[in-house]
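Given below, in the form of structure tokens, are the structures.
One chain, subunit A, links the two complexes that follow: it is found with subunit B in the first and with subunit C in the second.
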Partner chain A sequence: MATQHSRSAARLMMAPAVILLLGWMLVPLTMTLYFSFKKYLPLRGDSLANGLEWVGFENYVRFVSSSSFWPSIQTTLIIVGGVLFITVILGILLAILLDQPMWGQGVVRILVIAPFFVMPTVSALVWKNIFMDPVNGLLAHLWKFFGAEPVQWLSQASLPSIIMIVSWQWLPFATLILLTAIQSLDSEQLEAAEMDGAPVLKRFWFIVLPHLSRAITIVILIQTIFLLSIFAEIFVTTAGAFGTKTLTYLIFQRVLESQNVGLGSAGGVYAIILANIVAIFLMRIVGKNLDA
Partner chain B sequence: MGTITLSKVTKSFGEVQVIPPLDLTIDDGEFVVFVGPSGCGKSTLLRLIAGLEDVTSGTVKIDGVDATTLPPAKRGLAMVFQSYALYPHMSVRKNIAFPLKMAGMEPAEAEKRIAGAAKVLNLTDYLDRKPGQLSGGQRQRVAIGRAIVREPSAFLFDEPLSNLDAALRVNMRLEISELHQTLKTTMVYVTHDQVEAMTMADKIVVLHAGVIEQVGSPLELYNNPRNKFVAGFIGSPKMNFIEGEIATKHNAATIGIRPEHISLSTKSGDWEGVVGVSEHLGSDTFFHVKTKAAGLLNVRASGEVSARHGHKVFLTPDTSKIHRFDKAGNAL
Partner chain C sequence: MARSVTSQRKTINTVAAWTVGLLIFFPILWTILTSFKTEADAIASPPKFLFFAWTLENYAIVQERSDYMRFLWNSVIIAGGSTLLGIIIAVPAAWSMAFVPSKRTKDILMWMLSTKMLPAVGVLYPIYLMFIKLGLLDTRIGLVIVLMLINLPIIVWMLYTYFKEIPGEILEAARMDGAGLREEILYVLTPMALPGIASTVLLNVILAWNEAFWTLNLTAAKAAPLTAFIASYSSPEGLFYAKLSAASTMAIAPILILGWFSQKQLVRGLTFGAVK
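On to the complex of A and B.
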């Protein structure tokens, strides 16, 4: 890529991909913005062919003033925060565990990664029916075995249940990234710290954890992007009931259950803003770890 | 104080015995170099002393106290690693301070020691940099700084110069030797480079397959190698070994003669030969001479000798400097 000629050739060849991706992003974004300023209720006869009525910021105002809006933001943040907390902490512990030499290491590692390959819908259904069912679920049997009253997971502890399901899905991802990071730690550094008189926990705190900081940053950034938009896990378990309605789910309800495309689109724009605020905060807090 | 005594120490990894029973005493204030070809167990031996590996059997005593089962931190030793093993996320100051912090030393006292170490090692201007911003030699000095602030009873060096370029290596060699003169602390130094061993050591321990072949001062090993291995390992270029008729004449299975103890002449001498490769170093010239009587021989001549490839030359060994070995390779 040194000469002027090869640089322009590179630009030319990358253009189709860039244009495609740009269009892929811009078309839905523009349409969302367009609909958000229109009254668009398909069941009441509104359609693109007849032309839509311009309503200004009315959809935006209605979306925010709805009693479900702030709770949905709160739910979204609790789920994202909870899952991040659990996956990062358990991910570090699991990564350290898997880094120890042991018999059957290869098989164990594949087993640990396995949940990541299960589709969100499927894993949520598996959790709902096999583990969390208050009558026949494994957890219910476990509770009964110890003589306790089975917990009705998805109604009594709905938010923790969903956090648990999503954490189970994302733990392999965190573990995998942190494991590769741990494996790249120079063992002589740990030995040097040992010679310097640092016991196990201090070695972890002063050597291993700083070494992992960059990997943790990556895990947090990538997971946040995906966790802000979780949907299937809520749809198949609680369908948004019992305080599990996230912003994504609220938008889904506005567009498909209430058949109000304009209102949903306004919600979509709020979701974009929320994602960007979170992203800026994260970049600020942890992004400096990615330098150097 | 820093005497280290190993008695009947062995080390096995699974079925493989890397170090058969071994006895060694390192006196206080000595500069001891473990030297040997790669895989001879010299690093393992150092790690056994450090406590980073457990001995399979035998005892390690440090200052007369049994340290066999003591963890590394309690042995009062400091180690400099081959990769330096600096903590990349900490500044030079924090790197050097780390062992003091772990020992729970007062910040004021620690600061004084860091300043002292930095002054000795010329690191004062670099204290606030990260290891990634330093050159190889500076990193090396930081690693040494981290070792000396603890004021250990002995220093352990694991091939510390092997990552440096040739010029820097010579410099650091001098610096470490000077440091030893200043601190007068016991130093145990592992290297595969016999030049480093010869130039720095008070006492060289030559290891081969986990066995100590010979222990002695550099000149002792050079003048009186106990066997063929030591004879071949110490000295550069390598000693020439001659077998057959010439050896029989000296009542030995093999005789050894160092390149510097053979004189080269274009007119007359004991062995006639043809010059192959010649390496001109300026002060010296090394000739590879193919002789009929004694095979291929390495000869050192002064820089002025101007024999070229293909020239006919005559070689004469200095008979008083001939080393004689029996069939098993032991010196006679």
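On to the complex of A and C.
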């Protein structure tokens, strides 16, 4: 029963948020697009004031034909996919475990959530030095204790190491959301199935998992948004070496390290396209799920 | 009919859950323990777990070397300021979407979330240039604005899902009693939405506190928050485990404590209200 008056008031109240976000999206995007068609090397004397040379699609072609482009896409997808896989699977198992009756549930939950509060730079540094260092790291001690040769984590197993660090950070989030969803499961339904003699796995597959589908969607959506742009974990641990250069990191290097703004901007446009492909895909699912 | 649980099964659950919980928490625990060791004890082989000479000297050294309070203060201002500003802008927007929905409301919400997908690195240089031009580089106000903008979609979304749960009849009743828009928001809506606003604030403070792309790339000496404080320990000082641990503990302690105290509100916040 909204009146004309309240409608225009509503539009007015929405305006600041919409205008700010529109500006935040359009202004840098336009600039990035503009730079991506220009030769722009600030260190070689190119500057906005003197006018930039138009180079057409040269930056786009060069960015894609660079030998690091496809590996960076691959690395990005492996990291995102790997972390999603680990956090969702372990998250489900942990959520089921934490849902069981036990002593000190509150404390355990606090322990499990803790990694979520640790800033990425800290967790990357701590893992890199105190745990994964091949000489003094705790994992090296553990390996030696069992008589094994310590692993050079971040150089020999760089991608799995980074996936592990990032998964550790995001597991709490997945667990918490899945736990909340499991707790809303109708326990009578489970009991009925139990009495009918349905084995544990069947009960899980036909009752628990379908109930969790919405929560799993949310976990995947939100984590993907954040994982596509992970930066600190790579910046601190390997600085993009040993095959850990994600698309984000590659662009960062082009723009800030080699100071090639045109090339980096073309890369930025690719990153935006990639993110949008993922976004459209996810929005479809979530949009459907959120209407319910 | 409550499920009968044998105490044996409960014991097994407890042991399993505590083991997993401690395993997940262990890296943090180990970091905190290491921060109280001497450098020699920190790299002792085999590692010393609890029996070492406890010392506070690492904290003193870190504080002396990098002026922790300045970074902490920057983090507080940036995380708090960006959240506060975001809330002020988002509350009216979320209110109007929840109570005066139009055909386009859903599209606008989706579009807002999609701006979150815009990869920061794709627009780093333009923002960098604008910051130089506007004199915002390495200022707290610059970061407050940027972090507010990147978290605004999440704030609007969360508030929207909370507001939607408030029954519209209450607002109509207030309107009948002669409440204007301002009174409606201030005296009817806000008290009811306070728990929701609280969890929104919490989640965003945490996100802003831990944000490590813009804070690393847009600050130097003056406005650098704790993310930069800790990044300065990356190498070669990272080899001094005890000091690195002390610095790490100092960087995460405030938010860890805040998070633990408010975990109930956080759980709802984290799910964007989409999972009940």
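Rule of thumb we're sticking to: the second predicted complex is superposed on the first by the 278 of 292 C-alpha atoms of A that agree within 3 Å, B and C clash if a C-alpha of one lies under 4 Å from a C-alpha of the other, contacts with A are read in each partner's own complex, and residues count from 1 in each chain.
The working rule: contacts are C-beta pairs under 8 Å (C-beta built on N, C-alpha and C of every residue); 3 or more make two chains touch, one makes a residue touch a chain.
As the structure is a computational prediction, the values presented were derived from the model and not from experiment.
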Notebook entry, point to check: Touching A:L21 in the superposition: subunit B (first), subunit C (second), both, neither?
Noted result: second
Note to self: Looking at A:I73, would you say it contacts subunit B, subunit C, both, or neither? Reply first, second, both or neither.
What the structure shows: neither
Margin query: With both complexes overlaid on chain A, does A:E191 touch subunit B (first), subunit C (second), both or neither?
Written below: both
Margin query: Between subunit C and subunit B, which one touches more residues of subunit A when both complexes sit on the common chain A?
Written below: C
Check: Just subunit B (first), just subunit C (second), both, or neither: which does A:K202 touch?
Finding: first
Next item on the list: Considering only the touch criterion stated at the top, classify A:N129 as touching first (subunit B), second (subunit C), both, or neither.
Entry: second
Notebook entry, point to check: After superposition on the shared chain, which partner residues are touched by A:P210: those of subunit B (first), subunit C (second), both, or neither?
Noted result: first
Notebook entry, point to check: For subunit A, which residues lie in the overlap of the subunit B contacts and the subunit C contacts?
Noted result: 188, 191
Notebook entry, point to check: Tell me, which parts of subunit A touch subunit B in their complex?
Noted result: 186, 188-189, 191-199, 202, 206-207, 210-211, 213, 292
Check: Touching subunit A in the complex: which residues of subunit B?
Finding: 50, 52, 71-73, 77-79, 81-83, 85-90, 98-99, 102-103, 130, 132, 146, 150
Margin query: List the residues on subunit C that touch subunit A in their complex, please.
Written below: 1, 3, 5, 10, 13-14, 16-18, 20-22, 24-25, 27-28, 30-31, 34, 43, 45-47, 89-90, 92-93, 95-97, 99-100, 102, 106, 108, 110, 112-127, 129-130, 149, 152-153, 156, 172, 181, 206, 209-210, 212-213, 216-217, 226-227, 230-231, 233-234, 238-239, 241, 244-245, 248, 251-252, 255-256, 258-260, 263, 266-268, 270-272, 274-276
Margin query: Give the list of subunit A residues in touch with subunit C in this complex.
Written below: 1-2, 6-7, 9-11, 13-14, 16-18, 20-21, 24-25, 27-29, 31-32, 35, 48, 94, 97-98, 100-105, 107-123, 125-131, 136, 138, 141, 145, 168, 171-173, 176-177, 180-181, 184, 187-188, 191, 214-215, 218, 222, 225, 228-229, 231-232, 235-236, 247-248, 251-252, 255-256, 261, 264-265, 267-269, 271-272, 274-276, 278-279, 283, 287, 290
